[in-house]
Amino acid sequence: MSVAGQMLETYPKDLGGVDREKLLACIEACFECAQSCTACADACLSEDTVAELTKCVRTNLDCADQCDTTGRVLSRHTGYDANLTRAILEACEQACKTCADECEAHASMHEHCRVCGEMCRRCQRACRELIDSL
Amino acid sequence: MSVAGQMLETYPKDLGGVDREKLLACIEACFECAQSCTACADACLSEDTVAELTKCVRTNLDCADQCDTTGRVLSRHTGYDANLTRAILEACEQACKTCADECEAHASMHEHCRVCGEMCRRCQRACRELIDSL
Amino acid sequence: MSVAGQMLETYPKDLGGVDREKLLACIEACFECAQSCTACADACLSEDTVAELTKCVRTNLDCADQCDTTGRVLSRHTGYDANLTRAILEACEQACKTCADECEAHASMHEHCRVCGEMCRRCQRACRELIDSL
Amino acid sequence: MSVAGQMLETYPKDLGGVDREKLLACIEACFECAQSCTACADACLSEDTVAELTKCVRTNLDCADQCDTTGRVLSRHTGYDANLTRAILEACEQACKTCADECEAHASMHEHCRVCGEMCRRCQRACRELIDSL
């Protein structure tokens, strides 16, 4: 089991009615997506055609930041607030959608955009599935 | 002028039709609120009654993270995406509201909760005013 | 291969003489450790004995923040600066050591501290091995 | 008094022998510098000569992340650990120095680099003064 999965298992109080599988999938996707977007922004910077990739860099940076925050919020269970969780998941779903759209537009030219676009799409779906299960 | 204000002034391209005053107020509120929530979480930890403040700690940590992300996203203007900006501002408004409600419940007992609750309420309003101006 | 591994593979320029295996291990450990420390801080908050765990919460929060920053810095390769990389890795090694020491002190009582302490120790070693390979 | 100053004043326990003025100056500099570096990275992205500014973008992103972490760590006082504080301040001093050097190299061409370079230099000094006072 992943470390994130073990941390979820060892939480000492009740997790309420949350779907553990969807929660864990979303936590893991958020941290992976924060990493891939950080790396994709940097890879875009190193391309000779960086001037055509500035929107991609920016969207990657936004998505990395929102995924980071979402992964942290979802890793906390004490004093759960459904309104906050939902609002943050919706922001993250949007950040991932925007970034996936942008990365996919460059996927045929740049492998890092292809890999990162797929990661963003996966994280977008994980957010949506968790929202729908709340 | 604050450093954040100078950075906004020296952005080399057009900022579009954004309300600069509301944008700057929101950027500054987000960074100040990230700091005050980080400090309030820690101050709660040091109280003898920490066991009664665990929800306040958690809400402060969430609010600090979301304000941090929002302050960063608002500090970027390249490749502006209105849907993303709006979704992140709405998440931040909610995080600030949740945290202000929680801090205010302890404001008569703990000065740090009073100061932080006021900061969260101010940041909540700054987010709302910026959303309404978009 | 992990997404982080794929992002490293698809970086379009030369990575210099870096040890790719140690770099990837350290990137992955930093993101996993940021997650586990965020979760352990929250799990400590939910313990009935939270008043005895406040130093553990604080150390977890510091370690989560420094691991997050280190994971991001290591995910960037453009305009590499050895002095900066080394200083940030040394701060992260120290943050992980401090947190591992603290978590281990509670490991026999709290499973989340045991899991998180092991993760911190692993991240501490990954930082040291990467520093030594620079 | 700033909100950060009020939060320091309302911390309920003893702050130990720390120099409050230097601590507050460093906390405020870290948050301001995190903002200015985030904005400078974005301003560089929007320059027509972005291809010559990629190292500046990268250094700004690293400095923003490390300043953010340092500002958070310094905002916590519970369970103070001198070794950790020192290591993180040294990493931050180095990040600010690297970024100030880079921004200053472009200061005559780009006003945002001039403003941000001055901010980084100020934060670098605030870190050093706090280290020397520990």
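Letters A, B, C and D mark the chains as written, and numbering starts fresh at 1 in each.
Everything below uses one rule, namely that contacts are C-beta pairs under 8 Å (C-beta built on N, C-alpha and C of every residue); 3 or more make two chains touch, one makes a residue touch a chain.
Values in this document were obtained by computation on a predicted structure and should not be read as measured data.
Visitor: With centres defined as the mean of C-alpha atoms, identify the chain lying farthest from chain C.
Guide: Chain centre farthest from chain C's centre: B.
Visitor: B-C or A-C: which has the larger count of contacting C-beta pairs?
Guide: So, comparing the two chain pairs, more contacts are at A-C.
Visitor: What is the distance, in whole Å, between the centres of chain A and chain C, each centre taken as the mean of its C-alpha atoms?
Guide: About 19 Å, centre to centre.
Visitor: Quick one: chain B and chain C, Cα centre-to-centre, how many Å?
Guide: 27
Visitor: On chain D, where are the residues touching two or more other chains?
Guide: In chain D, residues 42, 45-46, 54, 57-58, 61, 68, 72, 76, 78 touch at least two other chains, as defined above.
Visitor: Would you pull the chain A residues touching chain D in the complex into a rising list?
Guide: Interface residues on the chain A side: 41-42, 45-46, 48, 50-51, 54, 57-58, 61.
Visitor: Could you list, by residue number, the parts of chain C that touch chain A in their complex?
Guide: 2-4, 6-8, 10-13, 27, 31-32, 34-36, 38-40, 42-43, 45-47, 64, 68, 71-72, 75-78, 110-112, 114-116, 119
Visitor: Can you list the chain B residues touching chain A in their complex?
Guide: 54-59, 61-62, 65-66, 68-69, 72-73, 76, 78-79, 81, 83-84, 87-88, 90-91, 94-95, 98
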